[in-house]
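For reference, the structures are reproduced in the following blocks.
Two complexes are shown next, each including chain A; its partner changes from chain B in the first to chain C in the second.
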Partner chain A sequence: MIPRVFIIGLMLVLFVSPAAAQGPIRLGFLTILTGALASPGKEMENGIRLFLEEHKNSLSGRPVELTVLDTGGTPAGTLTKARELVEQRKVHIIIGPLAAFEAYAIAPYVNAQRVPTISPSAAADDLTQRKATQFIVRATSNSSLPTQPFGTYAAKTLGIKRVATIADDFAFGHEVVAGFHKAFEDAGGQVVQKLWPKLGETDQGPYIGQLKKDIDAVFIGFAGVAALRFLKQLENSGLKGKIRVLANQTAVDEALLRSMGDEAIGVVSASHYSAALDTLANRKFASAYRKAYGTDPGYYSVGAYTAALFLKQALEKVGGKIEDTEGLLKALRGAAITDAPGGPIRLDKYGNPVHNIYINRVERKEGRLQNTVTHTIEGVSQFWNYPEAEFLKQPVYSREYPPCRFC
Partner chain B sequence: MEFWVTQAFNGISYGALLFLLAGGLSLIFGMMRIVNMTHGSYYLLGGYVGLTVIWQNGPFVLAILVGALVIALIGVGEWNAFLKRLGGQELGQVLTTMGFALIFQDLGLVIWGGDPYTIPTPQVLSGAFELGQMFFPVYRVFIVLVALAVAVVLWLVLERTRVGAMMRATVDDAEMARGVGINVTLISMCVFSLGAFLAAVAGVVAGGFVGVYPGADFEILPYAFVVVIVGGMGSLKGAVIGSLMVGLLDNFGKALFPELSYFTLFAPMAAILAVRPTGLFGRA
Partner chain C sequence: MRETLFQGYQGVVLGVVGLLLFVAPPFLSSFLLTLLTQSLIYAILAMSLDIILGYTGLASLGHAAYLGLGAYSVGILSTKYGAGFWVALAAGVLLAVVVAAIFGLVALRATGVYFLMITLALGMVVWGLGHRWVSMTQGDNGISAIPRPKLPLPWSFAESIPFYYLALAGFLLAFFILRVIVRSPFGQTLVGIRESESRMRTLGYHVWLHKYIGFLIAGGIGGFAGVLWAYYNGFVSPADLQLATSVEILLMVALGGRGTLFGPALGASIIVLLKNLVSVYTHRWLLILGAVYIGTIVYAPEGIVGALRQWTQRASPAPLRAET
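Take a look at the complex of A and B:
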């Protein structure tokens, strides 16, 4: 008797489950809404909210239930909030967090819990290289992805010979500088000085005063407010116009650009996005974003938006069955989007994007600053033009690697 | 040579900024024994208020004045409503001022958002004086001049006026001062608001070269405390010397041994405290 009841029960469950699959998709979103990184954190949230609004809160015919949590910008806080998302809110998927150290903090946890996670902004190189994990994919370029082609471009096309670098003294800063350093010297340039103000350094003056006099350009790798201060203080010290300023993907990001003045004009940067990018997809995205939030979209908002595009495509491939973790992960890794705001983007086998890198120049148009796209490098991967196996054999980019041979 | 001059100038100008912030803190510390954790918030809010004045097309000077006055009023309010009642209760004071600091931090985030800003400075103050191969940013010279002017005015008031004598008496011995008929409560309130005023001036001035942004309050506060502790509580001379020392040590620490920049700042502080527990010019 009991086995028959069991079978009936099982059949009931099987009958009921397709209906259960029509329940909401629970999407957890980790960002930073308080403290020093609150501004980019808000942009990230804007990106995902705009996406859901455009899709009427529904993906593959299922309603989406969004839970946004504030990590407070600390690794411990991020882990706590990730636990809350997984254990209390029972989310199917996580988009977030913002910072690289937050991503490292939750990586072991989401792997153990088997929760697919799409990182919309955290850029730590090794997350998709030597420490690539099954459950995390990335919707934005890793730290050194844009700066490697930028190094080559600076040496070959801009004809710059001697460069000093200055960047925030934390993993992201080390990695953006290292990527530039390696490619720049491989293309014939020389990095002659590397300066590392601590993250959140108030006064950049002591560092600007140290810049060698015989450099052609300074490469800056700042993640936030430091870029604002540096450019302002560089102008005040009379060096503007005498040396060129090359910037990483976040230093003249649209989120900061709106706080900058004329001191930023002429800065050349490399990024996977510019709000001024003139494609149909981006014109649509940027104008919708401006209408909704009154500002230009940038690095953080486009990251969250693209992460959601990946989710949408992967869901379509598994017929909306987000519960099918294996299938979803496979679909995520095979995702390729032709008309993302930043242009075509696909994921490599490590879960990192391959996409266009734009060389931008800060200009003033219609009264406000924008990143005018001056050159496009198509289909850039995290290994740039180095053979993958060889690249992975070298140590992860850091403060010490590559060593500064011309300092 | 060039390196030393440029870096020394940088250090002095940063010290000047610290003096604006720490001068008031030192007086508050010395007179009321209040460890004022809200001081950093006055600096930040001052910057925000100044920025708002500039957004309304107000001139830079007005931004400094309005910022400073508004924050001085906030200081008076905080002191009257809370701190006055907590005389002598150090823990209560620290917790209250800390609480205010957190409230002001979030208030700043709510009103002005999380974006970092720099305060646009007048054309006259931009650019640099060129001297041979060396550049001296005009704005940094301006900060030094402002700090000098404030130091001179404070010195004149403290040393040459009756009010100043009353303040010094209160710093030395509040009980005796009260005994000889000085209105210690009123004097304390004035000093507290003066401290807030100066912190806000520092905030607006600093907004022109390091910017106004969430987190600035707690970033600058440790420096101000180091100045006060090194110089000695309640001593104007101590605040001047302490600011210069901290500015120069911090600057040369960063320029010469960037990895040890905290060490070069705090090791001398520890040494000074070991020899003179009351700071360089403080009295027990």
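Take a look at the complex of A and C:
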């Protein structure tokens, strides 16, 4: 009698809680916590931690074991840390890394090791275009995705004719400017000058001095603090109000806005997110984030949070069986979330998001600067309104492409 | 006499270390093994810098350039032209030597801080090329998907254990070549130049030519390390050529003990392991690394091996200073 009861009990335990028997989901998170990119790296970490807290550290009934590693901001460091996550910590999935060159460095490795990877920030165009890899999907727009519709919008709706561009001299800056350049000229505008201060340049004055006098607007493509100095120095030079300032997403990211003053007011940007976006999902996310960290969420934190949403949905589709790599990857690539903080988002066949692009204007509300959404362009893909095959035939966006015909 | 006594110790130590390195792989996790591989490659690089820093007494801040030249040779040749291991290896080392030959002409006009500044500038030139010559180097995204070398051997270097042995073979090769060089009359002349350039000149040595050849050797071996580095990572990017990398190599040599050859190799492995193992436990790992550097400079200015050498010499009743 007793053994039978024991066996039945044992069977009950086994059948009722299969999830518990499977053990935790091991989630690896690669970010940058030291060096020049440490502050966005910390925001990325905030995003994932907020998500896990909201879900009580559990997805599809299984506990989540999070390992956060600092890549140090170098490609070799990132590869070493990816190896540690995969070989030492045996993670099932990686969210990260932050920078584009880091993503390129680990792409062949995660592919060979068959570890699904969700990029929450790294924006390099070719990562989901000419060099798309099976095991990497992206939870944030690539560099040129927001600036292509922005180029069209600037020419057609804002009626801007002549633009000078100024951006950080590295791949992200090149791609951001090139996307704007192509769409802007295809819609009838002219890019008449392109300036490239080196990444980390502390004095933007000489570049402001070089700006041509007959431009309607300047387009800035900065990844970080350079935007702070540029806007301040533009105001000091007396040009504010005389020429319009158009900006890419990261130049007026919420993380920077809190260090900016009135010089930023009126800057128009294109972005897949704004902390001021008035939807139910975003009000909930932004207020939870503000409560936890005391600041507005921005590009990096929303990227990590959305990446986690992808993981959650994919896990639900495979019934929590994260060990089923094939199934999980298929579910990830088919992910479609209707109520992400930035609005509806799904992935194209290259693993890149198709989502809304918001045209924002910096305004002061409730005593702080925010990106007020003035216009929404729905369902934008990385190919904008160009035919995909034709788009992929042109060279990847760079400092030289598209060539500057009106310079 | 004391010199040979110490070298007796040194021989035993080297033998034990070599044996340990040879039998270690099966006992290590694959992650530790990749760290060890990384240490071996950095050890080659640090030893090559030791030729000019330790033996000739010229501190260079541009040594990452040779790592980059070797690595970019592999990256470009193997991804664009499908070149095999031997071609890429020869090209990488040759390119590094040629560039060192040009840089040497410029840099060796100066000594001390001026030499440091010139090598720094030249290193930045190579970094700038990697960053800007996008059609060739793909800019700061770097060249990725470099395949591991294929050799007519029964095992695949895509696996971590065979690649470890390849790196070990490269390390031993570089070690013995450099060891032969520093013990030769040529190497002794370099040491002489370090101690007193004017005296060597008075004795009739062609000081500049000796320094120049030393500079070429350092560049060539540095390029060799770069070749292995590119194969190991499977990519190369301008970040490998940054000033920070050059400084790190310099610190590896200083930590282990300059002018000892074995010291820089030890320094390289300590720094690689510290960097990767400590950073797991704390995000403040740079502080710990900094403390190690300061500790070395204050308590063991001759580096770890230098301090050990002094200690063994002090133990025996003889003048402290060996005649090198």
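Quick note on the criterion: the second predicted complex is superposed on the first by the 386 of 407 C-alpha atoms of A that agree within 3 Å, B and C clash if a C-alpha of one lies under 4 Å from a C-alpha of the other, contacts with A are read in each partner's own complex, and residues count from 1 in each chain.
The definition used in the following text is that a residue touches a chain if its C-beta (ideal position, glycine included) is under 8 Å from a C-beta of that chain, and two chains touch if they have at least 3 such contacts.
Since we're looking at a predicted model, the values are computed, not measured.
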Overlay on chain A: chain C relative to chain B, clash or fit: fit
Which superposed partner A:53 touches (first chain B, second chain C, both, neither): neither
First, second, both or neither for A:255, with chain B first and chain C second: first
First (chain B), second (chain C), both or neither touched by A:206: first
Chain A residues touched - chain C or chain B, whichever exceeds: B
Chain B versus chain C as contact partner of A:378, first or second or both or neither: neither
Partner chain in contact with A:224 - chain B first, chain C second, else both or neither: first
First, second, both or neither for A:278, with chain B first and chain C second: neither
Touching partner for A:76 - first (chain B), second (chain C), both, neither: second
First (chain B), second (chain C), both or neither touched by A:34: both
Closest approach of chain C to chain B (Cα atoms, Å): 5
Touching both chain B and chain C, residues of chain A: 34
Partner chain C, residues of chain A touching it in the complex: 33-34, 69-70, 72, 74-76, 79-80, 83-84, 87-88, 100-101, 104-105, 107-109, 112, 124, 126, 170-171, 174, 398-400
Complex contact set, residues of chain C against chain A: 29-31, 34-35, 38, 131, 134, 139-142, 144-145, 158, 233-235, 237, 239-240, 275-276, 279-280, 283, 285-286
Partner chain A, residues of chain B touching it in the complex: 3, 6-7, 10-11, 13-14, 106, 109, 113-118, 120, 126-128, 130, 133, 135, 137-140, 209-211, 213-216, 219-220, 250-252, 254-255, 258, 261
Residue numbers on chain A that touch chain B, as the complex places them: 34-39, 41-42, 195-198, 200, 202-203, 205-207, 209-210, 213, 224-225, 228-229, 232-233, 235-239, 255-256, 258-261
